[in-house]
Each structure stands twice: as structure tokens, then as C-alpha cells.
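So that you can tell them apart, the chains are marked A, B, C, D, E, F, G and H in the order they are listed, and the count of residues begins at 1 in each.
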């Protein structure tokens, strides 16, 4: 049974950011707040860096779930943005779905809050629709570790690939020579320990 | 190999609550007692909210395993209830099995104590019988984390979908507009951190 | 150097509930939300059960910190309540301080959010003022375990006694015969595993 | 793709205890020593209780690996016992293999030390040979959690079922009425918390 | 400020076992059930081995708290035993206190369930009464780690010495030559990993 | 024995930042890199916000320990800065010590890498010299949790107060009315979960 | 669906060591530094012991990623070594790929830093190319546990076998009699607890 | 109450290594075997580097406790060495005590196995005798974390200073200029992550 490596391809991938809203973020407890904020912004930076079509959506943003976090809004001022009137699974929202199709991409990178609902539901729908789906696990958060593990199990079973923002960035970039400074800067901005290596190197190299 | 998203459907799902008994609950140590009680009652509330046929069963309730927890009994006064005379796997109890069949549903949401026996055994039997099976992992408890992980592995391997009460509720509800107040109230009653969001919102919105 | 056991005395103790506000509670991550809610309400029930003078206070409740959680407000409708206009240490609020003095008690049971500020600051002030201070550690929450440990260290060093709601309740009650039913009910309401023992007992005893 | 529930059958199962030796046990650090000793003896009691053919083997028992733990030897004085002269995978030992075949059983319950070698290797060999294989995960120990997880992954992938001694005992027993006292005694002997339930019950029932 | 080493002295120490009851034990979740049972029995064996006066007491043993665990009762058939009618702090029970005084010992080793109440309260009372107090921390259990840490803090602050059964046994024994076989047997019976060392040694030494 | 609350006073406190160097930071593993970077910058922001005299020092910055992290250097361009030629304890460096004395402050807030050396040594020296010492525990990092706990024990024993940046900021600020916007901004910049509260509030309040 | 046990065969296996560089190693936080160093050197010793063709590669070793760790370079002075000019996935480097093919082996043991990129990418490529792939999980490190788990999931899904250096060594060795002293020495050098067993044995055996 | 900083002084300190024996080491489970071995050898290297008088002792080394680990014996061939015939507290052995006194030092650095007995007992005895005592916490191991914490509490209470080998080395060294290469080499030999910094530095500096 031959295995095919469905490798992320910057020309064939879109990013879906689902329900990163100020209220919902207070529910995320499987990451520290600093780590989670950093992970979400790193994924957003990757989307920008590679020019991937990015779609944003929120659930009930006028209620207690709160508004989309402002950093994301600011980073994607022109991206399709859908404040869903009620559908829990973003894939059930026709406009959102049309926007996904309109990207013309076959690979979807999905992240959101909370993992087992706002991420898992569109992940499963997208897989059923024939997309290759890559979950950005560390830009997706939920109530606790047990919930996360159950949601990962369901998505794996369906054929989703579980990745992290760092792996996603590296698989999209393929070769440092495509842009050493740009990609190095992106990493340094989100990996303090990598920034330290660069700083020591710069100083020591003179 | 196409993936089919077997999505929970409130018109096609039944709930099986297996051996949530006062004695057996003292064995559950993979959740804090507060968390576990809340999870079980949340699943029960979901069953009520969506009007899902619900079946209760106990094992040796006249012995040290103790009686079904009274909250569950009170919530489902008219539900089929089977005090099994000895069968460890509830599926081996003919009356229980007849009741499951009588629901006419093809999707079973199963939770119980302890996970690797009272949940896993009927889960495997139901899968063999052709049902779509959804384990409510956080309303199912056992001795420790290692035992839980082994039991999850066995159920995954057989094709069960691992979920949590929150994901189950959201997948059944599909769209907030079906009943915003009702569903919001259900969540607030079992997610203190969500209740806080609602309270802040109400006050701030005025 | 003789040790004196400063034992909680229901005739000589008051309870201070500091900044249990809907917004601030979203910052608490050293307890699960279910556990923390239960702990806070258990302490409140203890205050009611023993008729201890109880004082509530909030910080900036009209801003993002949000309103006092409604359960507490409802339980203590006539208790002194101070919405502090700016003082971070409640002890710096003259009306709050006057209310504390007005209780005439020498033992203060203090809980709040977040531990290292809203609890620790008045704890240290009260110790300096000569009170015997008992921290209800599990009805006090903060950002993470490290922060909690640092705050405990500072309060211990100053002479505060670290307790939990269960120990506080038991030390105040002294003897079950003072009210077996009442105290048992209080415990059962906040310790699901104890409620299970009672239920099994009741059924088995017949 | 239909799922078949390969259910443990006391008439069709044998137990393989691999390398539970005094020296090797000092390497086990994914369980506390008390827990692990209890788990191994519980599995042995299950083998005895159900009269399952049981085979013991050791690796280099005259060297630092040390002798088979004496409790196991005492419990199975007449069981086939193979001190392997060098084969790391017990399945490579012809006498051991012949003994397995001689049981005439198609279901193998395997436990040993260390998990990723002494258990995983014969597990994979047995699966290749067409046996149904059940790993008793909590009577199998190794260096640390990471090693355990890797070994579980490899065995799952090959089709082994991961269980614990408690699930194995319950699946073999099927129905309490087959021997209430005997099975209850077995559980009480290895689950202190279950023994407590029984004791409370006995006293309260009078 | 000179330090005096208040060293446990087998001629001057008594053991108090407080509320190790079948029901209450189901509340203990800061140790695994196997570990906790072993720790309690190890302390009991130490009391027997050194012939230390031992006093047992229970709280409401006719109710849901349940009976004293039978192993302890069986080991100390002639020891003073007090089923307290209501006093939560055993020290408040006059007969218990009289029995403590009657031992004529100045060093008290205390263990019980739950730590912050049944242990901490008599610990503090005994310290106030001028006893040297040694808490057997691992034969004392409670709801969770946070509760344990708070209770340890309070007892430390009061001057109690926190020990474990192993340290208590070793400090009482002082010199292996007092009874090599007896003490070695005691350790081997409660430390499986030490029993393994002994077994390997015996076999290898021949 | 009366307790005096040595409360942080913005007019009487200085900040010492010890050895936050790019190389040494790679040794810090008791915090996630994101959390630690945030904590250090938060403390630096507090020093700026309250205009506290701040002193920076490094150890062997031309070698593998690497340069001071650039953010700190940039924030305090005019602060006294000492690249120590060899003294491990910064207090042994005469120029550093002179700079500390020159601040004229009696309260020292100290943070650094690694905790048990670069922080603990000057902490103990400063205590001996009569300063009131406040350790910023979460802006101080080291190899692992065990090392941290040992170092905390030593500093506590000597009389240092263990705090976190959040508690330090709040104790210095005393009253929100001194600068609501400024202090709120500082918190929001370093507590993503607090920033979320503010954002929801702003939107909901309109 | 028959299972085939693809067993490691010393005549058919090669080892790929990917990006174990001094700078990148500072990013590894899912193992303690001592454990990780030991694991990497153990795998290297295994490669030497069995004479497996071994290929080394680095990424941007002249930049902040730093040089290959010197121990590895010293152990394999004549091994193919590729300092990749930019390809993140080593498999994309034609010379590296040619070297892999030149080994003529069908089984690849792969380890590296960081797991989800430098290991997972060539693992997936090699699986696609038809190799049997064995990941040496404990000689592969990354940022944290969550990242590790996601990367393991992806590699499992593709059919890679997750192992540890100990299991790899044992599966390659097959029979102790092939070289008792050599293999025992290898284990003792990397398992302090096994070395202790050997030392006790040697002394006791005399 | 003035604090005096009892600072380790290489001219006034001796090292006591208590019961680091091959058998007893198998009991240590509060550190990974690799970490613990490294910590013990690091402390030994420190003793050698600073030429501190070092005393070794074992308990029943001819029995199952096993021989002193050979590395320590080899490093201190001429050090006083006492195989105690039975005293559990090394301080009770007159020859050991005489050797301690003969060093003429007032500062004792103590490490051993297991912490709560072989370390804590001589620590308390030495404190009573007026020595300044420094526990090398990470070269001392025991059964589990709970036991460690209890033993630390007892030693702290008595006035012992809890340190780690790294802090001990740094406090003894005082100034890198005393021997940059020597001390750097010592650290690099026991801190792989520091060795990496040095390697990167050397290469980058050229």
C-alpha cells in the first residue's frame, strides 16, 4: 500500500483562521497565554510571508465570544472575513465555503478555538470534500489536555495531518535560499531561543 | 480512499449511560471529582436538551458498586433502566440490547465507568453490530491515565470516534440559531469560564 | 520556643472575599474552572453556615475586570460590599478597613483573585495589623503554579496560615455533633466523592 | 469495512510472561514499584483464576538481569519455563515457540519487561504468525514514558490490542454470575479502593 | 541559635493512626491506591517491629466514613481504639488524649486521612502540648496535591517534622546490627525494588 | 513577634538585571521561551514605568555566555552597565556595588539567569548588607524545576521575598488612579488574557 | 489483512543523523540535556557496533545553527557528510539522496533535530520512496511535548515505525550470543542503571 | 535580626559522599538515571577541582546495597573510605566522624542515597554539632518526589542550605579569573547545553 507524501506547497495552500476571538481565547488552557498568542501570530506571519490566501471567520462576535483578536484583523485587512450568524461548523456557512473554493487551493491549513469544535468540524468537512487538510495544532487551543487528545484522535482517524506552525513554515519554505533573511527573521520573531542563537552568532562573527 | 464524515445527527442518535454508580465513581482518578461530575451531568443535559433517547444501566447495584448516581436517575425518570444481573458488557444483556435497537437510531453516544470495561466493551460490540459509535471521553472515567490511554487506543483502532461532551453538544446543535438561549444556558451551566464571559457581556452591554 | 495553636474559632473569625470578578476569573489557571468555582462557593457556604461576618470587595468592577460573580452577590445580599475606586490592596481602602475592624474579630479568612496580589497584599497588611490570618488557598487563584508558589512563600514567611476550604470548615465546626446534618450536607454539596459515600451508605443501610 | 470484535475468550487464550526478572525490574520507571508489582501479580492471578495456559521465560537469568521474580515462579510451578540462552525476542527461541503452539490457543496475552523489546518483539512476531495479540500494558514496564509511548505506537500499528489487567480480567469473565466471590476476591486483592467499597458494604449491609 | 536534633527514639515514641477508614480512603488522591495502602501498612509494620505504643481512632465509623481498614485492626488487636463520637480533632477526645498521655512518650508519629484535618489538627495540638511531632507524610493522604502542600506548610510552620515511613523506620532502627534480618524483611516487604536487590543478591551470592 | 510588611515603594526601590545574556538564556528550561521572554520584558517595562533606577550587568559577555539581550540594552541606554571581568557574584564587583549604593535605595528587585547563582548570590549578599530584597522569580530562570526549588529555599531562608513581575508591578503602583491607562497598557502588553478582557470590554461598551 | 513484521536487519539498515548541531540542540526541550546527549551517542554507538552505513548532514552549519556536535564527527570520520546549502528536507539534497541510495539498504534509521522538520520530512520522503523507516524517537528532539506528539502522529500515519535507541539496538542484535561482552558494554555505557546491575553482579559473583 | 551569608569557602569546606552504591542507586527515581549519574560525577569533579577533602562511606556494601559506584572510588583513591558495619547515620560511625573532624573544615557539603536517610541524618547531626551544612540536592536521590520534598523540609527547618552542584561549584569558584579554562571545562563536561555554547562560540570566533 504505497504512501504518498502530501507535502505542503506554497502554491497550493490556503489558511483558515477560525474563531480566534477575545472571549473564546479565555477558554484556552492547553497552552500558556504567551505561548498561544505567539503560536497564532506565527501562523499568521507564515500566511503573510508566503502570500497564502487566508480566510477569517468568527462565531457570534457581537456576543460574549467577543471580537476577532485585533492583531489578526490588522494583519489581514483585505482577507475574506465572515462573521457567522450561527453555524458552529464554519464549513456550513455558504459564504465561507464559497471563499474557500474561490482560493482554488487543494491544501488547507486550519487553526482555531476551540480545537474539538471550531477546528475539528471544518477539518472533517474539508476532508470529506476531498481537500488535503493540515491542522496547525499549536495555533489551536481548547479547555484542557484531555479534550485536545480526543480531538486529535478524531482528526487523525479521518486523515488530517497534525502539524505545528514551525513545521508548516519549514515545509512551505523548502529551501532557505528562497529567502534566508526573510525566513530567518520570521523564525527569530517567534522563537526567542532561536533569536538568541542569531544574536550570539552575529556578535561572535563580528 | 474517500473519507465520510459521520456527523452526529440529533435525529439519529441515542445516549447510553453505563454504570455511573456511587461506588464505582470512587475508582475514577483520571479526572478531578468536580470535573467528572460536571462532565457527566453536562452529557445528561445534552441528552435532555436534544431529546435523545437515553438508556441507563448499572452493574450489581445492590452490592458494593452502589446505586446509580441520583442526579442521573432524577433526570431520566422514564428512560429504560437496566440493573444488569451479572453481564459485564452491557451489550450482553438482552433487554439492554433490545432497548438500544428499539431506539431505531444508528448513532450511539456512550459514556460510563470504568472506561476500559463498561465503556469499551459495549463500544466494540456496537461497532461490530454496525453502529456509528461516539465515545464521550470526559464523561467516562477510570483508574489512571495509563489505563485511559490503553482503552482509547483499543476503541480508536476499532473505529470509534473519541469526543467530549462539549464537542458532542456542538455537533448536535449545528447552528446557534436553532436555540440561542437554550444552548447558551446549557453551556453556561457547565463551563464556569463561559458563564463568566456571558456575565461580563451582559453587564457591559447593559 | 513554645508554639501556640491559633485555632480558627467561629466566634472570632471573619471572611474577606476579594475580587472574585467575572473578568479576573478568566486569568485563573492554577485550578480547573470547575474545581475553582466549587472551592469558592464552598468557602462561601462555610461563611454562611457558621454565620461568619463576610465582607466583599471588587476592583474596578465597571471595567474589564468585570462584576463580582453573581452567586457570591446573591449569597451575601446584606454583607458590606466595597467596589474599590482604585486601591489594589483592599486594606488601603478605608471603608473596607473600617468594615473589617467593625466585625470585632481577630481571625481573618481571606480568599481572592489573583493570589499574589488581591490576596497576598491584604494578608500581609492584616498580619502587620496584628490579625491572625488564614489564607483559603483553594478559593484563591492565579496565573500559574509558579506564581502561586511564590505567593505562598511570601505569605508563609509573614506568618499566615495556609489552609483549604475543607480544613477551614472542619476547624470551625470542631465537633460533628454541633450539627451533623447541616455540616454533612455542606460537605456533600461540594465533595462529589463524599456525596457518593453518603449515597451508598444510605442505600445500603436501608 | 466491517469491524470484528476479537474478544478475549477464556477457552482460547494463553498468557506469556516475558523477562519479569529481579534485575530488569530495576529498570522499570514508568510505574511506581508498588503499582507495577501489583499489576504483574494481578495478571498472574487472572491467569490462574481462569486456568489459562501460561508460559514463563527469562533472558540471561544467571547474569545481571537476575532471576525470575519468585512470586511468579511460585504461582506457576508446573508451567513451561524457558531460560533463554541468548535470543532477545522470545519468539526466536524454538522451545518457547513450540510451547506457545502446544497451547493450541489463538489469543495471546503478553506482558514483560522491558516493553519495547521483551514485549514488543514477540508481540510483532505473534501478529505475523496470525495470532490475536493482547498486550497487558500495565504489567509491562520500561525506562520512561517516552519509550512506552513509542512502543505502544509500534504495537498498535501492527494490530495488537492494548489492554490492562483489569480489562483483561473483565473481558475473560464476561458475567459476574460465573463466580461472584472468586472474581470479586481477585479484584479486591489488587484494587485497594475496591476492597474498601466491599468492606464498607459488608459492614453497612450488616 | 543552636539546633537540637530531635531524633526519633524507639524508647520514647508512640504512633497515632487517625481515621484510616474504608470510606475516607476513597477521598485520597494524592497517592495511587497501591502506594498508599503500602505506605500505611509499612508504618504499621514499623510500629509493630519496634514495639511502639500505637493508638487507633476513627471518626463516625458507623456512617459513610466507614470502618477502620481491617488490616490495621487485625495488626493491633489490643491497642487502644477510639471511635470518636464527633470530635474532628482527635486531640479533643478526652479518652484519646488520656491514652496518648498514658504512653508516657514524648515523641508522636502521626498519620491519617485526610492530611489537612485528621492529621494536621492533632499535630498542631500535640505541638502546643509540648510533644515532638513527626508526621508520616506518605501514610497520610488527602484530596489533591494542592491541599497537601497547604497542610504541610501549616505543620512545618508549627514545628512538626515531615518524614516518610522509610525515614521513620531507619531513624528508629539506628543500626542494622540491632536486627539485620528483621529490618531487612520489613523493608523488602514494602519496597519491591529493594526486595529485587535482595533476591538478585541471594541468587548471585549463591 | 510582630511582623513588619516591607512593602515595595516606588521611591525606594532599584532593579538589578543580572546576566540576561543570549547564550545563558539557552540554559533556562524552567519556563517556556515565550513565557520567559515575556516575563523579563515585563519586569523591564515596570522598571521604566515607575522610573526605578536600574542596573545591568553581564558575565563574560565576550565568551560563550553571549551578549546582553538586545531588548534590555535598548530599553536602558543610559543605565549603569557592568560587563564583569570574572566575578560570578555581581556583588563582588566593586563598580556594580558602588552603583547599587549610589541609587540610595533600600529595596532591591533582583532577577537574572541562572537563578541559583546569578540571582541567589547577590540576593544573599544584599540581605547581609541590610537591604530589603525582592526576587522577581519569573524573570529569573534556570536549568530545571528542582534547581529552582533549591534556590528558592535558600533565598527564603535568608529572608528574601519571592515575588513575580505582576505582583511587583501591582505593589509599586498601589492605586490604579495613579495612572489607569499607563498601568493598564503595561499589563495588557504582557498578559494576553488581560488584553482580551480589555478588547472585549471596549467593543461591548462601545 | 496479514501483518508483516519488518524487522530491523543489521545487513539491510543504514543510519541517517540529521542536523545534530550545537546551536539547534539548544532548542531541544522535550528531553533533559543529559538524557538527550546520551540518547544520541547511544544511537551512534549502535551504528558503529553493527557497522551500519551512516550518513551525516547539517543545515547551514556556518550560521547560527552551529557545527555538527564534535562527538558525532569524531565517531564517523569517514562517513558521508553533507553540509546542506539550503534544503530543509535533507532528502531534497541530491548528494545526500545519492549517498542513501549508495548504501544499498532498504531500512533507514533516522534521528535528528528538530523532530517535526529535520526528522519528519526525510522520514516521509523515504516512505514515499519505498524504504522501511524506523524513527529513533529518543535521539530526535524538539521544542516541547506537544510538538513532538504532533510530529509522531504524522509519521505514524505515514507508516514509519517509532522506536528508541534501546529497541533498535536489541532488534539489530537479535541474540546476545552474537557478542555478549560487546553488546553488554554498549548498554552499560548508556544505561547507568544497567551498569549498576552489572557492577553488583560482578562483585557478588566474585 | 541580621542575616549572615555563610558562603561556601574552598579553604573551609569538605565533601561527604554517602552511600552512592550500585544497589541503592536502583532505588533513586526522583531523577532520570542519566541526570543523576551526571550530577554525582559533577559534584565529585568539583571536589577534585577545588581540592576539597572528601570522605566516602558505604552501608553494608557486601550485601544487596552493593559496592560504591566504581567511578567515585577511582576518582578518590586516597580519600578516607568507611564501609560502615551497620550504622545507618554515618555520623554515628566513630571513624567517619573522626575523619570529618580531621579535615578541620567547618563547612560540609553532603550528598548521598537516599536523601531522607543517608543524607538527612548526617545533615541534622552535623548541624547539631555546629557545622555549616550545604546539601547537594541534585547529587542526592530517593524514591520519589514526595519523599524528596518531605526530606528537604526537615533539613531546611534545621538550617541546612539546599544547593545544587552547579551553585556549589560557582560559589566555591567565586571568580572565573581564578581558572577560566579549568572551570569552563568542568562545566562543559557536565552541562551538554553549555558545551554546545562553547563549541558554537569557538567555531564562530574562529
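Points worth noting:
Definition applied: a residue touches a chain if its C-beta (ideal position, glycine included) is under 8 Å from a C-beta of that chain, and two chains touch if they have at least 3 such contacts.
The UniProt protein names, listed by chain, are A, B, C, D, E, F, G, H = Hydrolase.
Just so it is clear, the model here is predicted, and its values are computed rather than measured.
Shared contact partners of chain B and chain E comprise C, D. Relative to chain H, the most remote chain by averaged C-alpha coordinates is B.
Matching residue numbers shows that A-G is the pair in C-D, A-G or B-E whose interface repeats D-G, with more than half of the contact pairs in common. Between the Cα centres of chain E and chain H there is a gap of 31 Å.
Our note on geometry: chain A versus chain F, Cα centroid distance of 34 Å, whole angstroms. Distance between chain C and chain G, defined via averaged C-alpha coordinates, is recorded as 54 Å. Between chain D and chain H, the centres computed from C-alpha atoms are 41 Å apart. Each of residues 23, 26, 32, 64, 66, 159, 191, 193, 196-197, 200-201, 204 in chain G touches at least two other chains.
Annotation, chain-chain contacts: A-B, A-C, A-F, A-G, A-H, B-C, B-D, B-E, B-F, C-D, C-E, C-F, D-E, D-G, D-H, E-G, E-H, F-G, F-H, G-H (touch as defined at the top).
Residues 23, 26-27, 59-60, 63-66, 85-89, 92, 114, 116-117, 120-121, 124-125, 127-128, 130, 143, 146-147, 149-151, 153-154, 157-159 of chain F are the ones touching chain H in the complex. Partner chain D is touched in their complex by these residues of chain H: 26, 29, 32, 144. Across the complex, chain D meets chain B through its residues 2-5, 7, 30-31, 137-138, 152, 156, 159, 161-164, 166-167, 170-171, 173-178, 180, 191, 193-194, 196-198, 200-201.
Of all the residues in chain C, the ones that touch chain B in their complex are 22-23, 25-26, 32-38, 64, 66-67, 69-70, 191-193, 196-197, 199-200, 203-204. Within the complex, the chain G residues that touch chain E are 197, 200-201, 204-205.
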